[in-house]
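What follows is a set of structures to go through.
Okay, so chain A shows up in both of these, paired with chain B first and chain C after.
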Partner chain A sequence: MLQLLIAGLTVGSEYGLIALRIHIILRSTRIVSFAQGEFAIVGGLIAYSAVASLHVSVWLGLIAATLAGAVLGLVFEALVLRPAGRGGETGATIATIGAVFVLLYGHALVPAWGSEGHVLPPFSGASAANLTVANTVIPTQSLWVFGLLLLALAVLYAFFEHTYYGKAIRAAADNPLGARLSGIDVRSARAVSVALAIALAAYGGTIIGPITLVGGAGGFALTIKGFVAAIVGGLESPAGCVAGGLVVGVLEVFLTSRLGYDVADPIVYSVLLVMLLLRPQGLFGRRDAVRD
Partner chain B sequence: MSRSIAAAVAAACTLALVAGTSSVPTAAAPEPIKLAAILSTSGPSAPLGVPESNAVKLAEREINAHGGINGRPVQFDIVDDGAKADVAAQLATQMIASGHVAIFCGTRTDTSAAVARVTGAANVLQVYTTPTEALWRTPRGVVKNVFQVNPRDQLEAISLLTFAKSRLHAKSVAILHDENLYGSGGSAIATAEAKSLGIRVVGDESYPGTATDFTAQIVKLRDAKPDAIVLWGATTTPGLAIKAARTLGVTVPILGSSGILSPAILGVAGGAAAGEVYSASPLAGAPSAEQRAFAALWDKEYHAPIVSFAANGWDAVQIIAAALREAKGKTDGASLASALEAGKPMPLVDGVFKYSATDHNGLMPADVHIAKAVNGAWGAP
Partner chain C sequence: MLAVFAVLVVAFGIVARGDAGLVQAGTYVAIFAPAAIGLSVLLGNVNQISVGQAGFFGIGAYAVGYLTVDAGWPFWLAAPVGIAVATVVGVALGFIALRFRGHYLAMATLAFGLITVGVFHAAPFLGRASGITNIPYPQLGALTVSGYPAYWCAWIVAFAAVLVTSALLRSRLGRAFEAIRNDELAAEATGVATRRCKIIAFAYSGALAAAGGAMFAAFLGLVNPDAVGIALSVDFLLMVVLGGSGLVAGALFGAALIGFANVVGHQYDNWREVVYGAVVIAFVVFAPRGVLGLVRGLIARKRTPGPRAARAGEVPADAAAFAEVRAPNDEPLAVRGVTKRFGGLVALDGVSFALQPGTLTSLIGPNGAGKTTLFNAICGIARPSAGRVAIGGVDVTGARPHRIAALGVGRTFQAARLFDEMTVLENVVAGAPRRAGRAATGHARALLARLELADLAAVLAKDLAFGDRRRVELARAVAADPWLLLADEPAAGLNDAERRRLFADLSALRDAGTTIVLIEHDMRLVMAISQRVIVLNFGRVIADGDPQTVRNDPAVIAAYLGTAS
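Let's look at the complex of A and B:
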C-alpha cells in the first residue's frame, strides 16, 4: 500500500506541475495551453543535451533547461499566444494545439534527440542507493521530485506574494485595465507569466526525467492528465492544482493495481467529467471562482 | 600552323560524328526491380527500424554488386511510417501504385498488419519482421502473400520457457506485457506454452506503450512470488519496466521477448543494474557461417556489432530476392509466394528458412537461442 502511495505521489507530482503551469498561463492570458506536456519533453531533452554533449552535471542541466524554458516561453508568447490571442481566446487555445504538433514532430528532427527516449542520470548519481522504510522502497529520485516540487512552489509563492513584480503580474491578470492605469506594463507581465510557466515545464520535465526517460511522444497524454489534475484540484488555485495532481496520481496507481491499466485509465479521465458536473471549482477552489 | 589546327579540329569532329552515329548498338541499362521498405525509422520503434533500414541499404548494394536479380538491379525505396499504422497503409498504397512489386513491412505488428490489408488486395508480396504469426496464420487459413522473417512468438515462447524450466528451474512465472497486439498476443502464447510445460502462470499484467510508472503492475506480480517474470514488449518501455522491477526489489530472472533485444534497452534498464535478464534470439550461441559473414559486412560498413533487427532486415531483403529469382521473371504476389512455398531451404542470418504452403514462418525452435544481458550488453548465457 505504501509502495503504491509513493509511486502515486511521484506520478502525481508531474501532473501537479503540469496543472500549475496550465493555471499560470490561464490566469495571466485567459488562454488554455495544450502544449505544456510537450514543453516538458523539450525541457528534459535540453537537460539531456547539456549532460550528454557538454558533459555537465545533471544539476547544471536542470538550470540550463529551466533558463532555456524561460526563453522558449518568451518566444511562445510573442509568436503564438499574442498574435493568436488577437482573434480571441478560442483561437489562441487552438493555436496551442498546433504548437503541440510543431514541438512533437519538431523535436524529433533534432539529430541528437530523435523520437525515442533518452536516459538522464539520477540527481544523486547512478550508484546512489534507494531508501527502504518498512519494506517500502522509496527511490531517491522520487525524493528529489517531491523536494524540488516544493521548492518550485515556495519560489513561486514568494515571487507572486512578496515581490513587486509578482504582485504586478497578478494585478495585470486580474484587472488588465486597472493595472494599465496604475502604470503596469500588462503585455510584459503576460510575457513573464508565460516564460515562468514554460520554465517550470522544462524544470518539471528534467526532474522527472531520470525516472521516465526524456523525449518521446507522451507529451499530449501528460497534458490531458494535467487538465484532470487542475479540474480536480481547482483551476483557479495554484495549491489546488498541485494537490489535484497528487490526488490524480495516487488514484491512477491504486486503480491500476486493483483493476488493471485498461480499466483504470478511462476511470481517471472520467473523473474530469464528474468533477465538472458535481464540483466545477475543484476540491480546493472557491465556488465563486467558477467562470462561464 | 592554322592549317594544322584546322585539320586537327576537323579530324576530331569527324571522329565524334562517327562515334555518335556508330552502327554498333549500345546496350540499354536493364530496368531496376522496384521494391519498397516501409519501416519505423522514427517514433518509438526507431531503435528497431533504423538498423533494419541500414541493413536494407547494405543488402541492396550487395545484391547489385553481384549482378542484381536475373540481370536486373534492385532499387529499394525506404520510407518511414513513423510507427503509425494508417501512415504505413497509405505508403503501401502509394508504393504499389508506383510499381513496387514487393514490400518489406515492417518493424511493428500494427503497421505490418495495416499494410497486409493493402498488399493482400493488390496481390503484392509482403515480408515482415515481427514475431506475431497472426498476420499470415488466420482463422480463415494461411494468407498467401505474407511471409514472416523472424522466429514467431511461439518459437520464442518455447525457447524462453524451456530455458526457464531446464536451466533456471522455474516452476512458476508471471507475465508482464505491452497492451498492444504484439504484447497481448505474445502473452497469450507464452501462457499457453508455460502451461504445456507444466509451469504455473501466477500473474498477468499489462502496461500501455507510453507507460513510465509500473509500480502497480510490478507490486502485484512481485506479491505473486513467481520464479521468473516473462516480459513481452518492444521499444524502450520494457527497459523502464526492468528498471522499475529492480528498483522495487524484484530479483527473479526476467525473460524478455526478442523485442527487448537491443543494447539501447539495456541502457534504459540501468546497464549492469538490470540484473539477470534473458531474451530469445537467433543470434545467441555459436555464430553460423551466415552470421559471421553478415557481421563482417556490417562491421565494415557501420563499424558496430550486429543487432537482431539488422539481421531481420538483411534476411527480409534476401527472401524477397530469392522469391524473385525463383519466380523467373514473374513479379505478382501469388507467383512470388508460390516460389517461396516451394520450400527451397534458405540459410540466412536468423536461421535456415524453409517455407511451405502451410508455414510462412519457415523457422524451427532450434533456430532460436537464448541471450543473456551481461554488463549492459547481450551475450551468451
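Let's look at the complex of A and C:
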C-alpha cells in the first residue's frame, strides 16, 4: 500500500512539473502548449549525452540540461509561440503540435540519441542502498525526485514572489497593457517565462530519468497526463498543478495495480472530463476565468 | 474549387488504376475527408475546437466491425447504425461543450477522444488492443467493394458529404453558424439559437466522422484502438488547418495533403515528420487560412472588385418606408421590480415601468447608473436577481436572448457589435435569422436602401467607418421588423449630420409602429425626440415622465450636477 503510494507520488511529481509548465506558458502567453513532454525528453537526453560522452557527473548533466532547456525555450518562444500567437489561440496551439513533431522525430535523428531509451545514472551513485521503513522499500531515487521537485518549487516561488523580475513577469501575464504602461517589457517577460518553463521541462525530464529511462516516444503521453493533472488541480493555480500531478500519479498507480493498465487509463481520462464538468477550476483553483 | 477537386479525383482514379498502392492512398484520402469536413464546420464555421474527432471516427469503425463480424449484419445496415450512435454521442458532447471555451474546450474534447480510445481498448467484446479483424468487404449486389471499386465508392460518399455540407452552410443554419463565429453574443441577440446551433454542429461533425470510420473498417477489413487514437484526432485538426478552416474544399485539400503525406516518403523516416511539423508551424504563422486561403488570396488579388460591388448599387423600388409593425398588445414592455446584483454591487434596484406601443422612451442617467444592465436584463443577456420582465404580455424573465429576439425585439450595443468578417448585406440578412433565402436578401437590400447604406452592401463590416458601423448595426437590429427596439447609445461618437439622420430614422421607425427605448446622453436630442424620459441613478428610477417635467425635476438636476437634493 505505502509502496504504491510512493510509486504514485514519484510519477506524480513528474506530472505535477508538466502541469506547472502548462500553467506558466498558458498564463504568460495564453497558449496551451502540447510540446511539454517532448521538451522533458530532449532535456533528459541532453543530460544523458553530458554524462555518457563528456563523462561529467549526473549533477552537472542536470545543470547542463536545465540551461540548455532555457535556451531551447527562448528559441521555442521566438520561432513558434510568438509568431503563431498573433493569429489567435487555436492556431498557436496547433503550431505547438507542429513543434511536437519536430522535437519527437528530430531528437531521433541525432545519432547518439536515436528513438530508443537510455539509462541515466542514479543521483546518489549506483551503490546507494534503498531505505527500508516499516517493511516498505523507499527507493533512494524517489527521494531524490521529491527533494529536487521541492527545490525547484522553492526556487520558482522565491523568484515569482520575492524578486522584482518575477513580479514583473506575473504583472505582464495578468495585465499586459497595464504592465506595458508601467514600463515592463512584456515581450521579454513572456520570453523569460517560456524559457523558465522549458528549463523546468529539461530539469524534470532529467530528475525522473534514472527511474524511467530518457528518450523514446513517450513524450505525448506525458503531456496528456500533465493536462489531466493541471485540470484536476486547477489550470490557473501553480500549487494546484503540482498537487493535481501528485493526485493523478497516485490514482494512476493504484488503479493500474488493481485493474490493469487497459482499464486504468480510461478511468484517469474520465476523471479529466468529470473534473471539467463538476469543478472546472480544479481542486485548488478559483471559479473565475474558466469560461474565457 | 470543388469542381477542380472532383476532376482531380476522377483523373487520379483513372491514372492510378492498376497501381494498388496509389489506389489505396486515394481511398485513404476519401475515408478521412468526411471527418475533416465535419471538423472544418465545427472549427471554421462555429469556432469550436475539437481534439477528439477520431473518437467519432472510431465509433463508426467499431460499429461496423462489431455488427458485421459479431452480429453478422450487412455493412449497409451496420454503417447507418454507427453514424446514428455517433450523432447521439455528438449531441451529448455538444451539450458538454456548451460549458467551455478556448483551451478548456480543447481539454474537454481531448478527454472525449482519450476516453473513446480507452473504451475500445478495455471492452472485451471489441477485441481490446488487437481490435477487430477480418471485417468482411461490403457487397453491392454481385460486386465486392474493395480495392479499386472501394476508391470510387469512398469518393462518392466523400462528395456526398461535400454537397450536403455546402448546402447546409448556404442554408439559414449556415448563416447562423457564420454569425456565431463572428460574434456569439450579437448572434444570440439577433435571434440565433447559439446553443442549439453548436450542438447541431457537434452532432453533424460526429456523424460525418463516423461515416468515414465505417468506410475505414469495411475497406481495410480491420480496426484497432491505435488506428483511431489521439494521433488521428491531431491529423484531422491539421487537415483542417492546413487546408483552410471553414472551407469545405479546404478540408478536402487538407485530407489529400495529409493522406498522401502519411503514405509517401517512408524512406525518409523521421526527417519526413520533422519537415511535416515545421510545415504545420509555417502554415500557422504565414498562411493561417490554409492552402485554400492562400490560393483564394492570389486569385482575389488578380481580380478587380467587380460583380459583387456593382450589384450592390441596385436600389429596389420598395425602399421608401420601414415596414409597419404592431406590438401584440398595448404593453410592449413591462418591467416590474427588476433588481440585478453583481456580488455585493446592486446595479439595478427594483426598476419598474411599462411602455405604450409606438412610443419612443429615452433612458438617461449618469455613467454607471445601470442603463445597459437594464437592457441586458430585458433582452436576456443578464438574468435579473429579482423581478419580472414581460414583453408583449409574455413573461420572458430568464429566457435565452434568442427567444426574446424572436418575439420581435431588436437590440443595438453600446460598442457596435457587427459580424466583422461578413459584408454589410450579410450582416443585415443575419439580423433576420428566420427569414429564408432570397426573401431575406431582398428585404435586407430594401432596408439598406432605406437607410442610405446600399452602396456599402458589399463592404466587409470590419472595413466600415465608425458612423457607418452604427447605422449598419441599426439596420441589422430592425431587419426582422421588431416591434420593440432597444438602442444603446446609437448616437455616441457620431457627428452632427449623422446624428440628425439617425434620429430621423428612429422617428420614422416609431411612426411605423415600433416601440423604442433609447439610451442617450445628448439632452437636446433626447428632449426633442422622446415622448417619455426615464432617469436612472444608482440602479433606481429617480424620475419618469414627459421630457419637460423630467428636465425640471430637482432630483434629476441633483443627479447630474451633483448638488445635494
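Miscellaneous remarks
As a working rule, the second predicted complex is superposed on the first by the 290 of 292 C-alpha atoms of A that agree within 3 Å, B and C clash if a C-alpha of one lies under 4 Å from a C-alpha of the other, contacts with A are read in each partner's own complex, and residues count from 1 in each chain.
Convention: a contact is a pair of C-beta atoms (placed from the backbone, for glycine too) under 8 Å apart; a residue touches a chain by one contact, two chains touch by 3 or more.
As the structure is a computational prediction, the values presented were derived from the model and not from experiment.
After overlaying the two complexes on the shared chain, residue contacts for A:L181 are found with neither chain B nor chain C. Of the two partner chains placed around the shared chain by superposition, chain C is the only one that A:V100 touches, whereas chain B remains out of contact. In the superposition on chain A, A:D262 makes contact with both chain B and chain C. Of the two partner chains, neither chain B nor chain C is touched by A:V133.
In the superposed model, A:V80 lies in contact with chain C only, and not with chain B.
Between chain B and chain C, C contacts the larger number of chain A residues. Look at A:L278: by the touch rule set out above, it reaches neither chain B nor chain C. When the two structures are aligned on the shared chain, A:A108 is found in touch with chain B and with chain C.
Common to the chain B and chain C contact sets on chain A are residues 108, 115, 262, 265. Here chain A touches chain C in the complex through residues 26, 32, 79-80, 83-84, 86-95, 97-106, 108-109, 115, 220, 224, 227, 231, 235, 262-263, 265-267, 269-270, 272-273, 276-277, 280, 290-292, going by the rule given at the top. Those residues of chain A lying in contact with chain B across their complex are 3-4, 6-7, 10-11, 108, 114-117, 119, 126, 130, 132, 137, 139, 211-213, 216-218, 221, 253-254, 256-257, 260-262, 264-265. If you check the complex, the residues on chain C that touch chain A are 43, 49, 96, 99-104, 106-108, 110-112, 114-115, 117-119, 121-122, 128-129, 230, 234, 237-238, 241, 270-274, 276-281, 284-285, 288.
Note for the complex: chain B touches chain A at residues 42-44, 46-47, 82, 179, 205-208, 210-213, 215-217, 219-220, 235-236, 240, 247-249, 264, 267-268, 270, 273.
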